[in-house]
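Going by the order they are written in, the chains are A, B and C; count residues from 1 in each one.
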Amino acid sequence: MIFLRRQLPLLITFVTGVLFAAQYYVPHPRSEFMLTEVTKWLQIIGGFALVLGVTSLFHIHAVKIRRKEPGWGYSLVLYAGILGTIAAGFSYSFAAGQWVNGKETINGIMTAFGWVYLNMMVPLQGSMFALLAFFIASAAYRSFRARSREAALLLIAAVIVMMGRVPLGEMLLPVSGDVTQWILNVLNAAVRRAILIGISLGAIALSLKIIFGIERAYLGGGKE
Amino acid sequence: MSFAERMLHIDRRLIFLLIGVCTLLPLLYPVGLAIKVSPEVHGVYDYIEALPEGSIFLLSMDYDPASKPELYPQAVALLRHAFRKNLRVIGMTLWLPGTGLAEQVMTKVAGEMGKVSGKDYVFLGWSPGSGSLIINMGQDLYKAFPTDYYSQPTRELAVLKGIQTLRDVNYVVSLAAGTSGIETWYLYGKDKYKFELGGGCTGVIAPGLYPLLRSGQINGLIGGMRGAAEYEVLIGQKERAVAGMDAQSATHFAIILLVILCNVFYLLIRTSPKQGEAR
Amino acid sequence: MSFEMLLGAWVATGLTLFIFTFLYQDNPLFKLAEHLYVGVSVGYTIVKTYDTVLIRLIYEPMVTQGDWSLLIPLGIGTLMLARYIPKGAWLSRIAFAFIVGVGSGLAIPRIVSSFILKQVEDTVRPLVSIVQGAPTFTYNLMDPTSNLNTIVLLIGVVSVLFYFFFSIEHTGPVRVAARTGILFLMVAFGAAFGYTVMARMSLLIGRLSDLKEYAVPQYGRASLWLGLATVVTLFLWSRRREEPPPDQQ
C-alpha cells in the first residue's frame, strides 16, 4: 500500500518525464503517435483541473452563507451570478430555434448566454482592470522618487519611454521616439534576454528535480 | 506640515479626477496627432502583405475581456488585412474567458468583408491545454479540433483543404495578454513545426518579448493600443485605437507631470531646514 | 434598436459605473458588482468547460466516432477529483504525477532549444560586419543589428547574468560587472514602467470609450442618467454613514 501511495506516483513522474523528454529527439512514427495521443489526453485532463478550481470557490462562499458571516449577502449574489449564467448557457433560444449549449451566437443571433457575456462579463472584467490606471497614477505620484542614482536612471528611462510611445511626445521631442526604440531593442532586450535565460535554467532545474523525485510538493493530497 | 509635505499627502481622489479628465476630454474633443509606425509593427504587416492569395493565416486571440481595449483593435486590424488579401483565416483562442470576444470579432469582420464561415475562414474556438493543444495541432489539426466552434466537422471544411498540421500554416499571429501566448506558441509550436510566427501583445508584457523579436523567433510585434493604432494607419482604416491615442498622450503627460512634481516636492523637503520638534 | 441591445447597454453602463465607485470609497454598489463579476466568470467557465471538454472532447469522439481510448484520460481526470474524498485523496497523486511528469518532459528539451540556445546564439553575433568583402564596424544606434549595438547587447546580457549570480561574492571584477548589470536593469525597469503605464491607461481609455458610446440618444443616454443616479446614491450612502445613530443624536 505504501508503494501505491508513495512510490508509484514518483515512478510515474520519472517514467513519463524521461519518456517525453526523449521523445523530442526521436522522430520515429510510433514516437510521434505517442506524442499525439498523450497530448490529446493532457487536454482532457486539463479540463478536469478547471473543475478543482471552481469547487474550492463554491466551498468558501457556502461556508460564509452557512455561518452568516459579515457580507454573506454578497456571497448569495455570487451564487446567483453563477447559477444565472449556467441557466443562460443551457437555456433554449426561441429566436434561433435550438438549445444554446454554451454558444454566444447561433447563426448570427445572440443568445441569452452571449448577452450575459457581452453585457456583464466583458464590462465587469474590463472595468475592474481599468481601475488600475488610477492606482498607478496615485502610486507614481506618492512613491516614484529618485532616492538614489539608480532610481534616477529608472525614472529618466521611464519618462523617455512614456514620451516616446505617444504622438504628442514624438511631436514635442522627436528624438524621444528614436531613443525609446534604442532602449527597447538594445538595453531592454539585453536585460530581458538575461532574465529569460536565467528563468529557463531555473525551470529546467526544477523540472529535473521533479522528474527525479527530489521535488515532491506537486503531489499534495492525502496522508502518506 | 510644509506646503511640499501637504502636497505629497494630497487626497488621492484628486489624482483620480485628474486622470479621469485627461482621459475623457481628448475622447470628446480629439486632435488627431500623426502616428509614426515602428519597425516591429511593420514586421507583421509586411509579412501578411507579401503572402499570396489563399495562404493559411492562423490568428490565436489569447486574451480575456480585461485586455480588450488593447488587443481587440489589433484583432480587427489584422483580420481586415488578412481578409483583404484573401487569405484563408483560422481563428482560435487559448484563453477560455476570451472565447466570446474572439467569436465576436471574427464574425463581425468577416461579415463586413463578405467572407463565409467554412469557405473563407473557420473559428475553432477554445480547447484546454495550451502547450499540449499546440503540440496536438502540430501533429494532427483534425485530432486537436475534430469540429469547429459551430460543431461542423473540420475535415469537411473547404477552407482547411490541404492542411493536415501546423506545418501547413503559412503564418501564425498570437495576440497575447500573458502566459499561454506568444512564448507558448513558439515553445510548443514554431520550435518543432517551423511555421512563421508574429505577435501582438498588451503593453505590460511587450518589453519581455523583445529578446524573441531580436533573435528572429518572432518576425514582428504589435505592442499595446499604440501598436494597434500603427496597424490601423498601415491598413488605412483608422478606428478605436487611433481615436484613443490623443487620450494616451494626455494621460502620459499627466503621469510625467505627477512624477516631476513628486520629485520636486521630495527635493524641497530634503533640502529645507529641519522643522521644530513639537507641532 | 432591439430591447435586448438597449437593456444590455444600460446593464453594461451600470455595472461599469458601480465598479468605478470604488475610486470614491469601498461601498455596497462596488461589492455587488465585484461579487457578480466573480459569479458570472465562474458560471461562464463551468458552461464552456462542460461544452468543450465533456461534450466536444469526450462524449462526441467516444460515442459518435467510437474512440474508446479516451476512457484513459477520462479515468485519470476522474482520479484527480478523488482529492475531495478524505480516504481516497492519495489516488489524485497518480493523476498529478502523470500530468506533471509529461509536462516536465515536454518542456525540458523545448526550453533548452528555444529560450537558451537560440537566445545565446543571437547574443554571440559577429562584432564586425563584412561589407563588399572588407570588414567594417557599423555603429548606427538605430539599427539593432549594428556592431555597436551587438557589443552593448553582449555587455548587457553578461553583466545582468553576473548580477543575478549570487553564489559568488560580488567583489573585484565581478562587482564591476554586477554594478554595470544594475544600470542596465534600471533602464529596463524604467522602460517596463513606461509600458505598464501605457497599458493601464489604454484599459481606462477603452472603458471610457464605451461609456461615451452609450451616452448617445439611441441608447437613451445611459451613461449620463446612470452616472447621475450613481453619484446621488453614493452621496446619500456616505451621508447615511456619517450621521450618528438616532439614540446618539
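In this section, a contact is a pair of C-beta atoms (placed from the backbone, for glycine too) under 8 Å apart; a residue touches a chain by one contact, two chains touch by 3 or more.
The shown structure was predicted, so the numbers you read here are calculated from the model rather than taken from an experiment.
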(message) Over the chains that touch one another, what is the least number of steps taking chain A to chain C?
(response) 1
(request) Indicate, using Cα centroids, the chain positioned nearest the centre of all protein chains shown. (result) C
(message) If you tally contacting C-beta pairs for every chain pair, which pair wins?
(response) A-C
(request) Averaged over CA atoms, how far is the centre of chain A from the centre of chain C? Could you give it in whole Å? (result) 6
(request) Could you grab the centroid distance between chain A and chain B? Build each centroid from C-alpha atoms only and quote it in angstrom. (result) 16
(request) Express in whole angstrom the distance between the two chain centres, defined as the mean CA positions of chain B and chain C. (result) 12
(request) At least two other chains touched by the same residue of chain A: list those residues. (result) 24, 39-40, 42-44, 46-47, 50, 103, 117-118, 121-122, 125-126, 128-129, 133-134, 136, 140, 155, 158-159, 162, 165-166, 181, 184-185, 188-189, 192-193, 196
(message) At least two partner chains per residue is the criterion; list those residues in chain B.
(response) 16, 19-20, 23, 66-69, 96-97, 99-100, 127-128, 132, 135, 192, 207, 211, 214, 226, 248, 251-252, 255
(request) Please list all residues of chain C that touch 2 or more other chains. (result) 23, 41, 44-45, 48-49, 52-53, 57, 103, 106-107, 110-111, 115, 119, 122, 144, 153, 188, 191-192, 195-198, 200-201, 203-204, 206-208
(request) Within their complex, state which residues of chain A touch chain C. (result) 4-5, 8-10, 12-25, 37-52, 54-55, 57, 71, 74-75, 77-86, 89-90, 101-103, 110, 113, 115-134, 136, 140, 150-151, 153-162, 165-166, 178, 180-201, 203-204, 207-208, 210-211, 218-223
(message) Touching residues of chain B toward chain C in the complex: what are they?
(response) 13, 16, 19-20, 23-24, 27-28, 66-70, 96-97, 99-100, 125-128, 131-132, 135, 146-147, 151, 183, 186-188, 191-192, 202-204, 206-207, 211, 214-217, 223-226, 240, 243-244, 247-248, 251-252, 255
(message) If we count contacts the way the header does, which residues on chain C are in touch with chain A in the complex?
(response) 4, 7-9, 11-13, 15-16, 19-20, 22-23, 31-55, 57-58, 69-70, 72-74, 76-78, 80-81, 83-84, 88-112, 115-116, 119-120, 122-123, 141-142, 144, 149, 152-158, 160-161, 164, 181-198, 200-201, 203-204, 206-208, 210
(message) Show me the residue ranges of chain B that touch chain A in the complex, using the header's touch definition.
(response) 8, 12, 15-16, 18-20, 23, 33-36, 38-39, 64-69, 96-97, 99-101, 103-104, 107, 111, 127-129, 132-133, 135-136, 139-140, 143-144, 149-150, 192, 207-208, 210-211, 213-214, 226, 245-246, 248-256, 258-259, 261-263, 266
(request) Quick one: which bits of chain C touch chain B in the complex? Just the residue numbers, please. (result) 23-24, 41, 44-45, 48-49, 52-53, 56-57, 60-61, 65, 103, 106-107, 110-111, 113-115, 118-119, 121-122, 144, 153, 188, 191-192, 195-209, 212
